[in-house]
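Next come two complexes, and both contain subunit A; in the first it sits with subunit B, in the second with subunit C.
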Partner chain A sequence: MDANFLITTIIGTVCFAVLAPVIGCLIDGIDRIVSARMQGRVGPKLLQPYWDVRKLLGKDKVAVSGSEDTYIGLALFFAILAGGIFFSGGNLLLVVFVITLSSLFFIVAAYSTRSPYAEVGAARETLQVMSYEPMVLFMAVAFYQVVGTFDTSGVFLLRHPAICTAWGAFIGLCFVLTIKLRKSPFDISSSHHAHQEIVKGITTEMSGPTLAKVEIMHWCETVLFMGWVGVFFVFSHPISILVAVLVALVIYLFEIWVDNNFARVKWQAMLKWAWIVALVAGGLNVAVLAFI
Partner chain B sequence: MGFASKSPWVIHYDASSCNGCDIEVLAALCPGYDVERFGIINTGNPKHADIFLVTGSVNEQNKPVLQEIYNQMLEPKVVVACGCCACTGGVFHDCYNVIGGVDQAIPVDVYAPGCAVRPEAIIDAVVEGLGVLEQKAAALKENQKKGA
Partner chain C sequence: MELVGFLILFPLLSAIALYFIKGNGARKAIVLGSAAVIAFATLVLCIGNVSTPPVFYDFESTIVEVACMVIGVVIGAIVLWFAWKYKNVLAGVLGAVQLVASVVFDLVFAHSVHVAQGLYIDSLSVMMAFIIGIIGSGICVYALGYMEDHVEEHPEQDDRRPLFFALMFLFLSAMFAIVFSNNMTWMFTGWEVTTLCSFLLIGYTRTDEAIANAFRQIIMNIAGGIGFLVALYYCAARMGTLDFNQFIQMGLSAPAVIALPVCALAFAGITKAAQMPFHSWLLGAMVAPTPTSALLHSSTMVKAGVFLLVKLAPLFAISVAPAVMVVLVGGITFTLASFMAISQSNAKRVLAYSTIANLGLIVACAGVGTPEAVWAAMFLILFHAAAKSLLFLCVGTAEHHIGSRDIEDMDLLFERMPQLARNMMVGIMIMFVAPFGMLISKWATLVSFVDNHQVALIVLLAYGSAATFMFWAKWLGKLSGVAGNPDNVEATVHKSEWGAIFTMTTLALVFCIALPWLSFAVVLPYIDGVYHQPVFSLDSDVLALMSILSLAVIIVLVAGSVGGSKKRRVGAYLAGVSVDNLERTYRNSLSQEAKASVRNMYLSDIFGEERVTPVGVVSTTIIIVGAFAAALATMTALL
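The block that comes next holds the complex of A and B.
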């Protein structure tokens, strides 16, 4: 690890910490409006997620466990760090591990409250991590096979976008994205909006400012995952960045559509299908790439 | 206007009575009235809620439950009594087991009368509650400044 890498990562992380919550908040706002329209409603204002978080920050500070807030703080930090590494051209495999670390701190925060509801949510979140992790690793490997390096900056040297040869991994990623974004049918650890899942799953005991941090973390995660989607479309031509942003937008709209049209499944089905898709789409893609 | 009144998350508890108001509350939260326009979200978790909608009269059985939910909610919080039963005990006021309205168990900020209370009245009461919520948020901020 040289000093150059360290400086770009730090700059990237700081930029991500500033920009990602803004972009993520807007995406969330659009998400809620589009969802409402799909349900024949007008829906909230675009800035509603921002207002929610500001309100949560202004609420009284109460915590069941003294360490909960620290764990959530670490989860948020690692989510931002993962985004920083990714968007500053760093190692994709490292990004995958750092964002998983963030999820683990989130899970530990829920367990630390000792609430039965939060524990159910935390156990289910663990299952979600188990479900999507193989596919995410396959994605990183396929990326390496196509680009020749784990560094995301490598895509700018490509003559064709990675999607040309790694479309299997891309389809697999789109599938597990629903789990990662905690959208229906895979919103089993916690659920958004009016519906509930065993009260509020993993976030049951998180309240006020702590919950606000969780929301901000989700915004950062959303931006990072959209980056993963987009990276498949970037190559040496500058216009490809625009294409990548558009594709990420389309995929996100598709996720909203899925969210609104599918009922929640049991965790067994989630685990089974996520692994089947990972092995078929991701595994085959990696195997084929290994031979050509 | 502060942020407290822009994102009021509600929790709903049916204390007792005929369930008429209970159904009206759910009706008000249905897509037809689209309360999410005002940032209102129905949560099942007192720790996430700002506004407590209570329907039905209070008796010895549900008094501790009501108080427990109220205590789990974080300041600033507002309680809205929905329906005559929740306001005063209503038609059940002289039942042998009924103590009276919700204010016999926890402090109530807004009363929404009606038997059954109409969804429009509930939405009105919640909007009225937003003003109270805003005052309480300002008071909390003041106290936090002094305290910390």
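The block that comes next holds the complex of A and C.
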């Protein structure tokens, strides 16, 4: 095997492990402030998410199930690995599969507690994965059709950004992003608020350092997903990277706006709409790209 | 060649011995001894022929020809006898048609056609031999312990274990005959023997349900067998050959000529591989004792169907009508069977739908017919065989010890049967997530679909995979639950069952870790021999990374579950005052005791069988009829 590939992946993963939590934490801080302003509140300080996680890390180590921590550790590791592969120019489809593996371990961690609320949350999270999975695959396929390779480094050789011909897949991605980020109206497995009908859903039984790992994992995921958004705008011109970052920010602000303006839907609606959007936006885009 | 002959004949002799020797101890010795000999011979064959190019052996034999005819007559007679005994008209008619057709074929047509090279070996048949010889004989060993419990649990049924074990070994013999025969008549004989064996195994318990399901199986598979016969007639009469390799070569130079026989053979493959609209026979086969299901689903029967289709893959790449049929039937079956698996809580039924779905994917890959698609198909066959046999064996053992095969009853299996639950979880993970084998194969499948602009297949794969995640993840979640200290009921599991289960787990994991090597040493040589061109589906880098990750995940999971956590244990949150947290009971707002229990989601309003099945049956029937019409039109245009 090519040693370069392994080394690039390892360096990328280490860099991602250091940088993504920082960036993700800042995004989370901005998220809370913007959300607060939309609701007519002042909101917490920018670094509040960081202090929250620090506090969690200092708490007592208690657990309902002995294996929960192992599963969460694996989930965090694979989320970081997925980010590392993505930002070091690796295979996009591999990134998709690795982040799915991360979600699976997160789900299994919740199941392993046998807590009724966590189990309902885990079952709903499984539904969320099933809802967004087709669109995510279409996105990767459309990317491949446009760029000619699944490697994200391929975008730097493009003469036009992928968005020019893959805008259908991009719209579809933006739609399922709300599910992936667990934002309202699709925050059915675990909302930011503990007062929903299933308490805190999938994270009900996670506490202290385990919950801190979950938070860090979400930060990493957010950065990775914003990377997916941005990669549609990058091409051979260096300035495009800046454009990509700006677009990612705009899309994130849009997600916050959606989060604050839509009431949670039932899972039936989520599944139905996610699959329809995937077929219309993603499937059609893939079909068109296949025949031009 | 001696070894090939030995592998075909030895299980046959074991089968005869097992049928006539009734003693319990003797049976045990014969089964263990034969399984060891078969496994050893298979290993010798595989090691001696790693990366072998196709080798054809000059072998003609009047004895084999006569034997094939006699076997054909015997099969027909048995089917007719059972049809008469149970008054099943359709089975009787089909059996009679097949009996007459095959005798006429043997006496009139096959006589004039000589096949000089009756046997052959290539990398695909080596891989299949490994699956049959190692996994198949492992299942036979497992059956020893399982059947002992089965006989104890069902005192009302006759102890017909001699027949049962004889059929299991006969099955292996027939499978070896299929994968090593270059003479299509011999292959057909093996094909029919597997049909008959599974008929008798499904009907083993002789309950009304078992008999009804056995007849469903035989009717569908004899229909497929008649399809095979049509192809044989065509080959002998119009093309003047019954040499399988020659048939493929002739087809490659004249695609229009072979449209009809390829359609007919593909039809046979589709029935045997339990594709829609013929999937119901495999679901019905569940009534048989679990080792039968394991054998049918993993290493024999359905694998014969996909083996034939993979063999025909180069022809699908150039012949439109059969290719469209195979691609669409496979793709639709994959998606719809995955949907229906969501709605099932019976573990064996989930496994059955998952088998049907994965076979659909293999069938679709074969239909695409490019080197990349065949690469994916071969890996799907390999990983599916290992992981699915493991899962069936685990479910069978769990069923005997917890008294249920319902996934909801597997709650806390991790504590009641810790070893078994771990093996089962490994099997499930290998079936559907990165970095394990099945997902890598699906990935290669996706790439080959994209490269061939198979938009319909991409869409079907995307939705089917999403459903796959759902039904495996919730099962995996159910197994992972840890709480309380229920009785460990694992101590009474037979040693032979453990032996087989651990062998399957080890095999499946070794396949995952050795994936890059397998690609290089087993799959690529076959593709090179068939297509004479290199394959570019997945980077060797990616394969190597997956291999490393598989190892890492296994180590962490084993270490994590052995080490245990030092954290302080607390009870689960129950939104009330807990009465007994281990039992999940609490005092509710009316000061009454209530128990919190959760069931998985089965979404039967959306993915229920009665909603999905008609869609699949109607659409695939239309596709198959359309493809045959197109193939017939091509043929008449040629005349």
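Descriptive notes on the structure:
Everything that follows uses one rule, which is that the second predicted complex is superposed on the first by the 287 of 292 C-alpha atoms of A that agree within 3 Å, B and C clash if a C-alpha of one lies under 4 Å from a C-alpha of the other, contacts with A are read in each partner's own complex, and residues count from 1 in each chain.
Convention: contacts are C-beta pairs under 8 Å (C-beta built on N, C-alpha and C of every residue); 3 or more make two chains touch, one makes a residue touch a chain.
Worth saying up front: this structure is predicted, and the values here are computed from it rather than measured.
Contacts of A:58 after superposition on the shared chain: subunit B is touched, whereas subunit C is not. Of the two partner chains placed around the shared chain by superposition, subunit B is the only one that A:32 touches, whereas subunit C remains out of contact. In the superposed model, A:133 makes contact with subunit C only, not with subunit B.
In the superposed pair of complexes, A:290 makes contact with subunit C only, with no contact to subunit B. Taking subunit A as the reference chain, the count of touched residues is higher for C when subunit B and subunit C are set side by side. Of the two partner chains, both subunit B and subunit C are touched by A:205.
Residue contacts after overlaying the shared chain place A:104 against subunit C, while subunit B stays out of touching range.
Judged by the touch definition given at the top, the superposed model places A:41 against subunit B, while subunit C stays out of reach. Looking at the shared chain after the overlay, A:266 reaches neither subunit B nor subunit C.
Common to the subunit B and subunit C contact sets on subunit A are residues 60, 62, 199, 204-205.
Per the touch definition, subunit C reaches subunit A in the complex via residues 411-412, 433-435, 439, 443, 446-447, 450, 453, 455, 458-459, 461-463, 465-467, 469-470, 473-474, 476-478, 480-483, 516, 539-542, 544-545, 553, 556-557, 560-561, 564-575, 584, 596-598, 600-601, 606. Residues 2-4, 6-7, 29, 31, 34, 36-39, 41-45, 47-48, 50, 74-76, 137, 140-141 of subunit B are the ones touching subunit A in the complex. By the touch criterion stated above, subunit A contacts subunit C in their complex at residues 1-2, 5-6, 9, 60-71, 73-74, 91, 93-94, 97-98, 100-101, 104, 107-108, 110-120, 122-123, 126-127, 129-131, 133-134, 137-138, 141, 144-145, 199, 204-205, 268, 271, 275, 278-279, 282-283, 286-287, 290-291. Across the complex, subunit A meets subunit B through its residues 32, 36, 39-45, 48, 51-52, 54-55, 58-60, 62, 193-194, 196, 199-200, 203-208, 211.
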